[in-house]
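Labels run A, B, C and D following the written order; every chain starts at residue 1.
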Amino acid sequence: MSRTLILVDPLPRTLDLIMEPSVRARLEALGEVVAFEDGPMPDETVEALLPDTVLILGQTAMGRERLDRAPKLRAIINVETNFLPNVDYEACAARGIPVLTPASAFAAPVAEAALGMALDLCRGITAADRAFREGIEAYGLEGNADTVRFFGADVGIIGFGDLGRTFRDLIRPFRNTVRVFDPWLPAAVIERAEARPASLDEVLSRSRVVVVFASVTAENEGFIGAREFALMQPGAAFILMSRAAVVDFPAMLDAARSGAVRVATDVFPVEPVPADDPVRTTPNLLLSAHRTGGTRDAFFEIGAMAVADAELIMRGLPPVLCRRADPATASRLRSKPVTVS
Amino acid sequence: MSRTLILVDPLPRTLDLIMEPSVRARLEALGEVVAFEDGPMPDETVEALLPDTVLILGQTAMGRERLDRAPKLRAIINVETNFLPNVDYEACAARGIPVLTPASAFAAPVAEAALGMALDLCRGITAADRAFREGIEAYGLEGNADTVRFFGADVGIIGFGDLGRTFRDLIRPFRNTVRVFDPWLPAAVIERAEARPASLDEVLSRSRVVVVFASVTAENEGFIGAREFALMQPGAAFILMSRAAVVDFPAMLDAARSGAVRVATDVFPVEPVPADDPVRTTPNLLLSAHRTGGTRDAFFEIGAMAVADAELIMRGLPPVLCRRADPATASRLRSKPVTVS
Amino acid sequence: MSRTLILVDPLPRTLDLIMEPSVRARLEALGEVVAFEDGPMPDETVEALLPDTVLILGQTAMGRERLDRAPKLRAIINVETNFLPNVDYEACAARGIPVLTPASAFAAPVAEAALGMALDLCRGITAADRAFREGIEAYGLEGNADTVRFFGADVGIIGFGDLGRTFRDLIRPFRNTVRVFDPWLPAAVIERAEARPASLDEVLSRSRVVVVFASVTAENEGFIGAREFALMQPGAAFILMSRAAVVDFPAMLDAARSGAVRVATDVFPVEPVPADDPVRTTPNLLLSAHRTGGTRDAFFEIGAMAVADAELIMRGLPPVLCRRADPATASRLRSKPVTVS
Amino acid sequence: MSRTLILVDPLPRTLDLIMEPSVRARLEALGEVVAFEDGPMPDETVEALLPDTVLILGQTAMGRERLDRAPKLRAIINVETNFLPNVDYEACAARGIPVLTPASAFAAPVAEAALGMALDLCRGITAADRAFREGIEAYGLEGNADTVRFFGADVGIIGFGDLGRTFRDLIRPFRNTVRVFDPWLPAAVIERAEARPASLDEVLSRSRVVVVFASVTAENEGFIGAREFALMQPGAAFILMSRAAVVDFPAMLDAARSGAVRVATDVFPVEPVPADDPVRTTPNLLLSAHRTGGTRDAFFEIGAMAVADAELIMRGLPPVLCRRADPATASRLRSKPVTVS
């Protein structure tokens, strides 16, 4: 007899991680949930379920042959939030099967952490606390020798997707001049956000605060290196929120160590960072262990967005919360699978 | 022969500290500037200048008798930003001499630092950096065990003058429910800022983040003590931006030490803080050495506001940037003179 | 020899109407522009061009067979801003050919006109001018017997696409409670815009001002009729900005005529409206001849958005300004071709 | 026996007009209310009450002698919202008696009406309705021959008190470049509102929309005349919200009649306007019978602000909602008493 299955293959997530009970109940109302959480769903399980599967939530490999064996499939929703190369995106498009991911689930927590880090570097918050605990604090004006006011400062944003735009919205009361470098976007998108399209060099040389949200692609690995750090203003702040691979990491540490710029980073070339890594003792550096996005409520947001769009799809309506994979660009992305949730 | 004097007696400030050259030039266009910066202006100097003085910029004692000897005086502009008890405010009012101070000069830097501290406590920024440097950092969700999202969190503001209102404006994109306790204000002022008037207990018990901007008065010394900290939610953030005397400082440190709340403070009962003060080793505490307001540009703002209002006054127009001393309340304020600039 | 053609078939638009010279120059830099503006492009011309066509700008019929004859085709950009049933949307999806339209080009002018009409109905602007010209104006409070303050009033929005969201953004300073009815959207989309998802009846019964931006679909023709107008508050304002077919037009005119509600409409069941149509003399009705969207700069916006996305597509990047046709919903839309530009 | 009297002399207002019952109850909790509403309070009544009067709400003449006979008087609150010359402001200042008025009560309704009028003139709302009723409407682009988009248009504001600033806040989502002419204000006040200080000529010549909120003073009567209208851009909008005397009214009508500018006015040299006044037939003119401020809730706001400040004053706190009369400027104001409420 025919069943209506929802195949859930969420590794490295789990259903409990990404769904509050009320959201899970809504998912279960859409069909029979079959989940495998002890690893990637075994191939034989996938194969057995495909004929009756209407939705896939997870990172299951879905090549053309598997799509052929899933005639009822209406959508694939990746819950890891990065599109992986194990899906045949063009074949999905041809079959009218949207491949989605709740990419913006982490935007709000990352953006507010980026603002926290920007204020920290500009106003010396962590540095002042450290000095105080060492008994060498300086009061009043004397304690502000290196201070930059964030209010009104020129800000540069590199990468203007969900993260960059959310950050831009959060800083609106600070009335900064905001320059954006994003070669994937037309000027109009940037201007609508009351920011100025700019070249990479212009963003780096004119900003007191630069925040990097760019994704890694085949073309932009290490595109911010020694030459680029040398363009920055003395004492400017550089905040790396996206993948470590977009910068030349040693060059970034050199820039911090020399005092030329102040740096904050949430990402590292290798995570966890080795115990003896010099990053741990680098001055002018604010360290964050890949934790700005991964708050409990951000994970719940993944599930909430996935289920809300799944509900629309099952009603024959277009999804509106998740990002759709674009066959033309999905193949350029160089995301490695996440191994630490 | 008659002169038009501007008496400048700025201790603990200096003219160079509070005025950029272009602003000073505008001051000099209003009259002959006579400044004394090596201490308070000597009495005999003051007495000699009073007959021709049109403006006082500074903290000169101005009792009734001196006012009698200053027939041309049109305004007194305090540049320390706290009204002192050495002026006869009622006599000034009777003579139509406004007593002013650019009180809001520090509002913008203090408010942005308060937001930086709020984000720091909520998202664990300084704590995470410290853990990383100690080699005990936690990644991703594990690193967010104690994290609070500032976006959407309930925020309480105690004291809703320039500082509190500027802070409220800065956090607008975060869409918090904002409760305000300020017994000097009618509900309408708070509601116009899209916040809710609330009792002290309600602010403390319902907020994830409480920021204190209240001035010290004769009535409110130590009004936030052990009882009040016990009202706060577990793990809530308490940020003290105004005078230390409004809290029971040892009770605040106890609350931090116990882990009940996370605390940030920019002020201390005694400054500089003694070398062996236990505050330096208290956990769950973010330390700032009375430095959130005293940025270089904030000091310049003092001069810019003072001169802009002086220009209006000399044209016969009302001042609009500085705060006027209100005889009815000036006497309640318990500001001690600032000794560290 | 192979050519790179851009087929332009813009009826009822013309290239001059939708593109400023600088934008047209950018289009011409993408390929050889072949335009036909004296009517729909003749079939034989289309057929001759298809083998070398990389982009279509216009409303050319593109069934499956034609797609087969256009192997280089990379995108179809409708410039009429409503998807028509003469394209095989599923076949396009299967071939990875996005079908796009700059749907939001009219959002900004329509939204500001809607606010103008809302203020007009609430504050009686047109009505007061008419009374003044008739010599029966009433001054001050007496002239405000029927006035509603828009500031703080409850506002209802029916249809929360580009138009509705732009309107919501424009009224933000008015601090209204905003309720939204849009059955195609999950609650999260509405809540992110600081509005409340609501049923149609709730929107109608609780709002002082109701604005309709809903598109016509197969299911919603005439869904606001006598029953719905009866739910509205006495004297509330009803503003119809989208297609006339979503309301029962005679019922709407009855509601205005009786004085139960005040109505503004930009659309009519038949346009141009017949000379003797009773709408012309209906009281409590503000008339606008389908002109709120069609400003000169809105038409230029069509071309600007189309060309910006065409540039991205030709670089292998995803379009970001135009709306993509969704095969699942395009077929539900009941837009009739526009006959008056 | 001593009484605590609140003298209420509200002509041309009445207590019922300006206070909702709950607000009136709060007033009565402050003292014994003695009101006279059949005209100005008779002199003998005033004289009899003065010895026990703590608050005056109204426009009672209060010269120095009367102040001498009112030893308990703590504040005078004008409820007509314009300071009159029948109070000795300097004597009040000398006695520490603030003279107040809830001047901003009308700001919100006037500002939203100004925006409604600006949108009306820019987008042709009233004109299009009139054309439609005359059977000469034009559809779509043809109906927009003279249309100006308000979004992004250059806006000029003349007079930047409560009205001007509230208007500026309302138009924020429209992202206009805003220029302000206000010779009573320093640049900083204007810049803090994200507007540009400008000369009168610059405001007139560079703006698509000019809104006048300026008060009448001894110096500025008729300061916008034929020369000034000639500076305006062809087809620009001119909106007169404040006193008629600030413009050369015939010159303004000429400018409208010639089609050079589009004009809206809420005020007239003589009110009510004579039946045969040519203003009633002037084209390009939007007429409003001094009714943009006088909404029912605006009158209630007068009472609400007055009572909230009275409560503060009776507690010994400074008032915060009403405007204080400044002796230096009160004498410059040329407000005539309001005769129509």
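Here, contacts are C-beta pairs under 8 Å (C-beta built on N, C-alpha and C of every residue); 3 or more make two chains touch, one makes a residue touch a chain.
Just so you know, these numbers come straight off a predicted model, no measurement behind them.
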Legend entry - Chain separated most widely from chain D, comparing mean CA positions: A
Inset, instruction - Go ahead and note the Å separation of the Cα centroids belonging to chain A and chain B. - result: 38
Legend entry - For chain A paired with chain C, centre-to-centre distance based on mean C-alpha positions, whole Å: 34
Legend entry - Whole-Å separation of chain centres (CA-atom averages), chain A against chain D: 51
Legend entry - Touching two or more other chains - residue numbers and ranges from chain B: none
Inset, instruction - Sort the chain contact graph into one of these: line, ring, star, complete or other. - result: ring
Inset, instruction - Spell out all pairs of chains that touch, sorted by label. - result: A-B, A-C, B-D, C-D
Inset, instruction - Under the touch definition given earlier, write down the residues of chain A that touch chain B in their complex. - result: 17, 108-109, 112-113, 115-117, 119-120, 122-123, 125-126, 128-133, 135, 137-141, 143-144, 147, 149-151, 169-174, 271-273, 275, 280-281, 286-292, 294-297, 299, 340-341
Inset, instruction - Enumerate the contact residues on chain B facing chain D in the complex. - result: 90, 93-96, 184-189, 304-305, 308-309, 311-312, 316-318, 320-321, 326-329
